[in-house]
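Both complexes shown next keep subunit A, but they swap its partner, so subunit B is in the first and subunit C is in the second.
Take a look at the complex of A and B:
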């Protein structure tokens, strides 16, 4: 019974933890412009994150080492540093977007200007990272994030024309009034949002934090393979809501209030409050995960002691690095830049950095010195390599498309 | 001396002919005991004739997965060899010169012990 509970908890937190500000905003934007015409990208992205999250979890559990420690060891200090610089900067951008997202969610709940909420959100993130136990911070935000299921409920309550939704999803391609480049630009943004690199750093470091061994692998595989696809369904529900309500009214998504508009229309205030709690939990949880990831990557590359399982005084540089990251994020937000805009850029740049994260994991998962007989099988390598090609194509196309489409304008 | 003094240097023979670039360094942990680890001693340099890109660890154990990347790496670093530190005559800014009659070794390490 206890075991069953642990498995259920893991799956539920994986669902709630899958969605972050990037998924929320990008799915709503895409839904309001293309309907479900890009739902296939979420599908491709979810399979990819399942493959690589599972792989990085296995590397961590078998070798007892987190991803970035091994990246530096196996790829050498210079390739590792280039990797660190790119991953860290993009992660910092994501931290900024998530903290901004928390502030926006609080604004939705209170109508107080988000500028006032930014310091509160930042302090909240810091104090939780400083004080709370690892499993606690992961489970609470993950479970509360489940209230986002209200988007799926709202989709049903809107009683849409299922036939036309299915038609959009099954016959992908740009609508007549949108240029092809814009369609592919948003495809890459959506792919970047689903496969955000921090999830892998967080997943593998989390495996060390929770002291996984090979015995925990089956459980972790179940969490990933059930939780992430269900999280992906939530993403599609968000896009679906936007497709039903915002697309016909040609409303552009420029703030969170438009993201939740369909929910309010379908279920009134009760549904709206569920959505706000869900968004708050999802962005706050992701803010914790990304902040921790920036600490993890830096500490693992430079060989500092790290981890929530140590007291802050025993991992001083790890905690200091995270405090600096939070302060930098606050400084960026204090310039008055729109957090939604930061989010949109962060998912595109995530797509650019994807090969840097996923290539080393694929290499290390094949290394017998670390993995013994638990190296990738042929099937896993085939899928991993196919995804690496997809990721490379997306990464090279991202910046040109960003420029050509004027960031999807 | 720090690692970046060696990495990326030109590898030259005694008569000044360039045979490649130093892409990696073999170390042994066998020096005087220090605070965390014993000091490391350089035992050899890895020379690749055609590329200065990191070998990503593919030269050590004959790892061959994932196939595409392993092939690419092997092709980039074809003809690379290990030169023992005793055969290094001179280390200068940006170049390493080997002594006359130096030996080229296979960079492969003995197979990993079963764990």
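Take a look at the complex of A and C:
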């Protein structure tokens, strides 16, 4: 019974933890412009994140080494530092987007200007990282994030024309009134949102925080293989809601209020409050994960003591680095930059940084010195390599498409 | 390396090393160093070798150099950008403190006894330890 509960808890938190501000905004934007025409990208991204999250968890559990320690070992100090700089800066951009997202969610709930909420959100993120146990922060935000299921419920309550939705999803391709480049730009943004590299840093470091051994691998695989696809369905539901309500009315998504508009239309205030709780939990949870990831990457490259299982004073530089990251994020938001815009850029740059994270994992998962007989099987390597090619194509195309399309304008 | 057992048991090739062969580049550099209790101390940023002069020609048949210390701190910048740090500025962990070498390098002493962890101790004492809750276990 206890085991069953643990498995269920793991799956539920994986579902709730899958969606972050990047998924929320990008799916709503894409839904309002292309309907479900890009839903296939979410599926491709979900399979990819399942493959690599599971692989990095296995590497961490078997070898006891987290991702960035291995990246430095395999790439050496110079290429490792370049990788660290890129991964860290993009992650910092994501921290900024998530903290901004928390502030926007609080604005939705209270109508108080988000500027006032930014310091509150940042302090909240810090105090939880400072004081709360790792499993507690994982489970609470993951479970509360499940209220985002209201998007799926809302989609049914809107009683859409399922035939035309299925038609959009099954016949992918740019619509007549949108340029081809814009279609692919959003495809890459959506891919970056689903496969964000911080998930891998967080997943592998989390495996060490929770002291996984090879025995925990089956459980973790189940969490990933069931939880992430259901989280992906949630993403598609968000896009679906936008496709049904926003697309016909040609409403652009420029803030969270448009993201939740279909939910409010379908279920009124009750549904809306569920959506706000869900968005708050999802962005807050992701703010915790990205902030921790920035500490993890730095500490693992330089070999500092790290981990939430230690007292802050026993992992001093790790905690100091995270405090500085939160302060930098607040400083960026204090300039008045739109968090939605930060989010849109963060998912595109995430796509650019994907190979930096995923290639070293694939290499190390084949290294017998670390993995013993738990190295990748042939099938896993085949899938991993196919994804590496997709990732490389997306990463190379991201910046040119960003410039050509004027960030999808 | 020449202890009694080597003299008692002649090997087919006298130059072949005994035991596990470690490639300094592959197995030591950039590895995580853990202390006696498993707490991370640093990453091996560089190694100090004894019995070899920088830039000098190595005569055939000369004795092999040995690893004297693990270097850290500013040495990382030297490895990335080139250049040399004066010996007095190096932060080193003597190789005799190393207990075992695997996918990590384990020391036989606690991190707090090492010069190499002074930055961590300073940040802990002067910043993190002063914030309320910094010395308590998470709840």
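Heads up, the rule we're going with is that the second predicted complex is superposed on the first by the 409 of 409 C-alpha atoms of A that agree within 3 Å, B and C clash if a C-alpha of one lies under 4 Å from a C-alpha of the other, contacts with A are read in each partner's own complex, and residues count from 1 in each chain.
As a convention for this text, a residue touches a chain if its C-beta (ideal position, glycine included) is under 8 Å from a C-beta of that chain, and two chains touch if they have at least 3 such contacts.
Only a predicted model underlies this, so the values are computations on that prediction, with no experimental measurement involved.
Superposition model on subunit A: subunit B and subunit C are shown in a clashing arrangement.
By the touch criterion stated above, A:143 is placed in contact with neither subunit B nor subunit C. Contacts of A:369 after superposition: both subunit B and subunit C are touched.
In the superposed pair of complexes, A:302 makes contact with subunit C only, with no contact to subunit B. In the superposed model, A:251 makes contact with neither subunit B nor subunit C. Once the two complexes are laid over each other on the shared chain, residue contacts for A:153 go to neither subunit B nor subunit C.
By the document's definition of touching, of the two partners only subunit C reaches A:311; subunit B does not.
Measured by the number of subunit A residues touched, the leading partner among subunit B and subunit C is C. Once the two complexes are overlaid on the shared chain, A:81 sits against subunit C while remaining clear of subunit B. When both complexes are overlaid on chain A, the residue A:320 reaches subunit C alone and has no touch with subunit B. In the superposition on chain A, the residues of subunit A contacted by subunit B and by subunit C overlap at 76-78, 369.
Those residues of subunit A that touch subunit B in the shared complex are 74-79, 359, 362-363, 366-369, 372, 375-376, 381, 384-385, 388.
Within the complex formed with subunit A, the residues of subunit C that make contact are 29-33, 39-43, 45, 72, 76, 79-80, 103-104, 111, 119-121, 123-124, 127-129, 131, 133-139. Across the interface of their complex, subunit C is touched by residues 63-65, 69, 72-73, 76-78, 80-81, 130-134, 136, 299, 301-306, 308-314, 316-317, 319-320, 369-370 of subunit A. On subunit B, the positions that touch subunit A within their shared complex are 3, 7, 24, 54-57, 61, 63-69, 112, 114-115.
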